[in-house]
Amino acid sequence: MRTIVPVIVAFLAGFVMIVSFFFNPERTLLGRIESEVLVWVTIVGGFTLLLGVVSITRVNWQAVRTMKEGWGYNLLTLLSIFVMAIPAMLPASWSQLFGDAEGSIYDWLFFHVDYPMMATMFAMLAFYIASAAYRAFRARNPESTLLLVTATLVMLWRIPMGEAFLIQVGDTLLFGYNLPESINTYIMNGANLAVQRGILIGAALGAASMSLRIMLGIERTYMGKG
Amino acid sequence: MSSVEIIQIWVAAFFTLAIFSFLYKDNPFYKLAEHIFAGLSAGYYVGLIWKAVIIQQLWDPMLAGSWWLVIPGILGVLMFARLWPRISWVSRIALAFVMGNTAGIFLITQLHGIVLPQMQATMLALGGTAGFASALLAIIVVVGVISTLIYFYFSKEHTGVLGVTARVGIWFIMVSFGAHFGYTVMARISLLIGRVYFLADLWLPSFSQLF
Amino acid sequence: MLRHLRIRFLLTLLLTLVADYQFAVAQTSDDIFRVDRINALITFVLFSIAILLYIKWAKEGKPLFIRKIAGLDAVEEAVGRATEMGKSVLFIPGIQEIDDIETIAGISILGRVAKITAQYDTPLVVPVRYPMVLAAGQEVVEQAYIEMGKRDSYNRDIVRYVAGEQFAFTATVNGMMMRDRPAANIYMGAFFAESLLLAETGNAAGSIQIAGTARPEQLPFFIAACDYTLMGEELYAASAYLSHEPLMLGGLKGQDLMKVLIIVSIIIGIVLMTLGFGDAFRNLFEAV
Amino acid sequence: MNFWDKLGALDRRWIYLLVALSVIFPLIVPMSFKISITPEARQLFEAVDALPDSSVVMLTFDYYPSTVAETEPMATAALHHLFRKDCKVVTMTTIPLGGPSMAERVTRTIAREYNKDYGVDFVNLGYKANWVAVLKGMGNSIEAIYPADNSGAPLSELPLMATVKNYDDVSFIFVVADNDIVQNWVSIVNAQYGTPMGAGVTAVGAPKYYAFVGSGQLTGLLGGMKGAAEYELLADARGLAEKGMGMQSLAHLVIILMVIVGNIAFFAGRWSQKGKVR
């Protein structure tokens, strides 16, 4: 019961999609079912996101309740959740601070607090890359040498200053050979395209094989224990 | 700049700098920012799902007569059974519904939308009449695709012809990853530029307004 | 009997679903069956048979050959070096939950590493980010120590829980690296932006570094900063090679068979195209 | 400790400082360069440019706030181009964190410049969960997946959506994304419904999508901030990406320099140690 029901549900939810692919949806009952199933999936999918929120709330609440070291920070997380969520759920007709339109608390907190932080998180990586470039990226063998040389060429090619430099090099040393153009043709649309295609095909087979196993209930890791 | 705008900019600048402060070392400002960030993001989800799913996809249509939407609604609520170990198996039904559907779509689209077209695009005429450059490009693509596929083929030892091809594959892979490397560096720097631009273009000018 | 019923059920379901109900509003094509998608149907059927057959064989215990991945030799060599130097080995099974297949692959490679460290009494440290990964990791390592007859050398602190967000976890692990200066750092699993920071610190600590991940945006950094890197599918193959888990092994073999078919079709296509009459063959692969 | 060892052991904060300076310097001393256009960007621009007036174009905001520096200039330039051509624009997003807010704000800001009316000239569908089902479901009926637009107005009340029922009524899909979703747009939507599409992606993802341009599944591709700058130039909508190119240039040079100096220090250090042992 605990496994057989989910396995049957998973199979049917996937089976409809496969059959409908090979038949004309407009003329069969299938088309109707397919449409409805897809709507349902988008609805259930929404609840998965909420589940994440509930477990963040739980973890932080535990920390606050047991006064774990640094629980003040956890309290801050809890407060932030409520300050953001509650005004958003109140109808905008009550006050323009509610809802999610421009001028609401929700919109303001997103654009002036959440947004800059998220944008900055990844901006930090520029610094990390530079320091790793200096301290860790070594041409230790022929393979990594080739990788670093290609990387350098591509980095030069993607900036206007570097492109001008590459054209200069081509003009003076290589009898007017257009270096930037051949980087685009032979590296990006040649070797790179070929390898990405090979990897894409391999990854697609892997994803399809995983999907097949999930649909048939052979693969149940996603269900977890219990 | 109005005073509201100045406050907005200063709030955003404070949190930007608080995150950047991690570069020096882990510190209370970073921790503060990090925890507020986690909370606001979770709160954003609540507001979004409330509006986009619960109101727009469940409540309104059900009031309009689509009573059967109560089924996905219940399935969605079942998802929360995960939080209580004793009944957590019930959540599997909802999860299986979503996973099974995604798997069904993927199973077909990966083969039909990726494998077939990518195979077809590799079937190039070698040594055509279009000139040296395009002939060379066709050879690079063909050799690259096949040798990459062979590099990731695990059912035979890489010796003999297979070994040589796999060796060629690794060189191709290194060129491609080099390109990837260059592009990724570019991406991270662009993001830094975005933030520096904000600080220099909006935040700094606000100083003159303040004093 | 049950099998028979299952097939009957499927057929009935199929027929009900595709019966011509004529409630078409706008018809794009007159056929109920999409004849133009027959190539996808054939691919789909071939693919399913290949995967399922190999999984069946793997479950039955048929000997299925997978070549040893060169990266595994590198892992063993690195652990050997650590033994010679009398220093520890650091292993990180990625920073994702246990339901990520990269984490699962990482954990099965951890089993192999633990066996070698158990054999030579080399200290092993495994920081993890999730309680579930902690449980799985402890189970695998304990099993390895028992198998090597070193139950006494095992302690629960080998696999340890390091809480925190992505960068906080990274900072803690980096601290461990600089303090203990392990002889070898092994990264196997799902890594994101922290790949850079870990590999850089490991380099500064003078450790040998072996990495394995399937994320294409992190691979180049690992290749440039580590001594050996398992790329993409190699990670899964290494794990299947070690664990002989039927689902992984069967899936991998089935995919391999498909790869052969794909390569052969591509070559036929190229030959026909080069000879000038390949368009008909090429059109067989048209996706509509 | 000799010179090479010292160089190798340089504190990383000096390197951070160097990176910061390389990005700040061009702000103080503005530099301008000629930006060249790659064929992939030109193909995308030409495909959009060749659309008949008042065609319906779907523009996706499939990016998180974390990559706005790369992606938003693309979305902005595309909107300028589309509104100037009098195309009808339908926007949507598969990103739960910020996607709907950013789509709303960017689209409305630019629409104001061209006096476009909401509901007639453009519509923001917003977000629905589980993108695989969303992408597939819009092939049958957009209204089934999106009963209402982002602000809650029923689709039946929006004049534009009366003519846009599913992908058959969309002439072109312009995907702006910072994740693997592009691959699903291609394999689910383009492969099954045949709607032409082009993509603007972050530089991290760009190398992969050359394979889709090569197979004709994508008509064109913009990669990272440079790609955005190219589209800004082509569409004559100069903005942030073009301004960023100067900073980008110096920072790339710093990274390249770091790789070279780092390797020299490493190998020279190794070489001098070898000398000592002998």
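As written, the chains take the letters A, B, C and D, and residue 1 is the first residue of each chain.
In this text, contacts are C-beta pairs under 8 Å (C-beta built on N, C-alpha and C of every residue); 3 or more make two chains touch, one makes a residue touch a chain.
In this text the structure is predicted, and so the values were computed from the model without any measurement.
Undergrad: Counting C-beta pairs in contact, which two chains come out on top?
TA: Result of the pairwise contact count: A-B comes out on top.
Undergrad: Counting only Cα atoms for the centres, state how far chain A is from chain D in Å.
TA: 14
Undergrad: Where the CA atoms of chain A average out and where those of chain C average out, how many Å apart are those spots?
TA: 19
Undergrad: In whole angstrom, what separates the CA-based centres of chain A and chain B?
TA: Those two chain centres are 2 Å apart.
Undergrad: Residues of chain D that contact two or more other chains, please.
TA: 16, 19-20, 23, 66-69, 96-98, 100, 128-130, 133, 136, 183, 187, 191-192, 203-204, 207-208, 211, 214-215, 223-224, 226, 248, 251-252, 255
Undergrad: Could you list which residues of chain A touch at least two other chains?
TA: Residues 15-18, 21, 38-39, 41-46, 48-49, 100, 110-111, 114-115, 118-119, 121-123, 125-127, 129, 131, 133, 135-138, 143-144, 147-148, 151-152, 155, 158, 188-189, 192-193, 196-197, 199-202, 204-205, 208, 210, 212, 222, 224.
Undergrad: When you check chain C against every other chain, which residues touch at least two of them?
TA: Residues 37, 40, 44, 47, 216-217, 220-221, 223-224, 232-233, 259, 262, 287 of chain C each touch two or more of the other chains.
Undergrad: Between the chains shown, work out who touches whom and classify the graph as line, ring, star, complete or other.
TA: Its topology is that of a complete graph.
Undergrad: State the interface residues of chain B toward chain D in the complex, per the touch definition above.
TA: Per the stated touch rule, the residues are 23-24, 41, 44-45, 48-49, 51-53, 55-57, 60-61, 98, 101-102, 105-106, 109-110, 112-114, 117-118, 120-121, 141, 176, 179-180, 183-187, 189-197, 200.
Undergrad: State the interface residues of chain A toward chain C in the complex, per the touch definition above.
TA: Going through chain A, the ones touching chain C are 15-16, 18-24, 26-30, 32-33, 122, 125, 128-129, 131-132, 135-138, 140, 143-144, 147-148, 151, 199, 201-203, 205-206, 208-210, 212-213, 216, 218-219, 221-222, 224.
Undergrad: Touching residues of chain D toward chain C in the complex: what are they?
TA: For this pair, the touching residues of chain D are 191, 194, 204-205, 208.
Undergrad: Along chain B, where are the residues that touch chain C in the complex?
TA: My answer: residues 22, 26, 34, 38, 107-108, 111-113, 115-117, 119-120, 122-127, 142, 145-146, 149-150, 152-158, 173-174, 177-178, 180-181, 184.
Undergrad: What residues on chain C touch chain B, complex-wise?
TA: For this pair, the touching residues of chain C are 37, 39-40, 43-44, 47, 65-67, 69, 165, 167-168, 171, 216-217, 219-221, 223-224, 231-234, 237, 241, 252-253, 256-257, 259-260, 262-263, 265-267, 269-270, 272-274, 276, 278, 281-282, 285-287.
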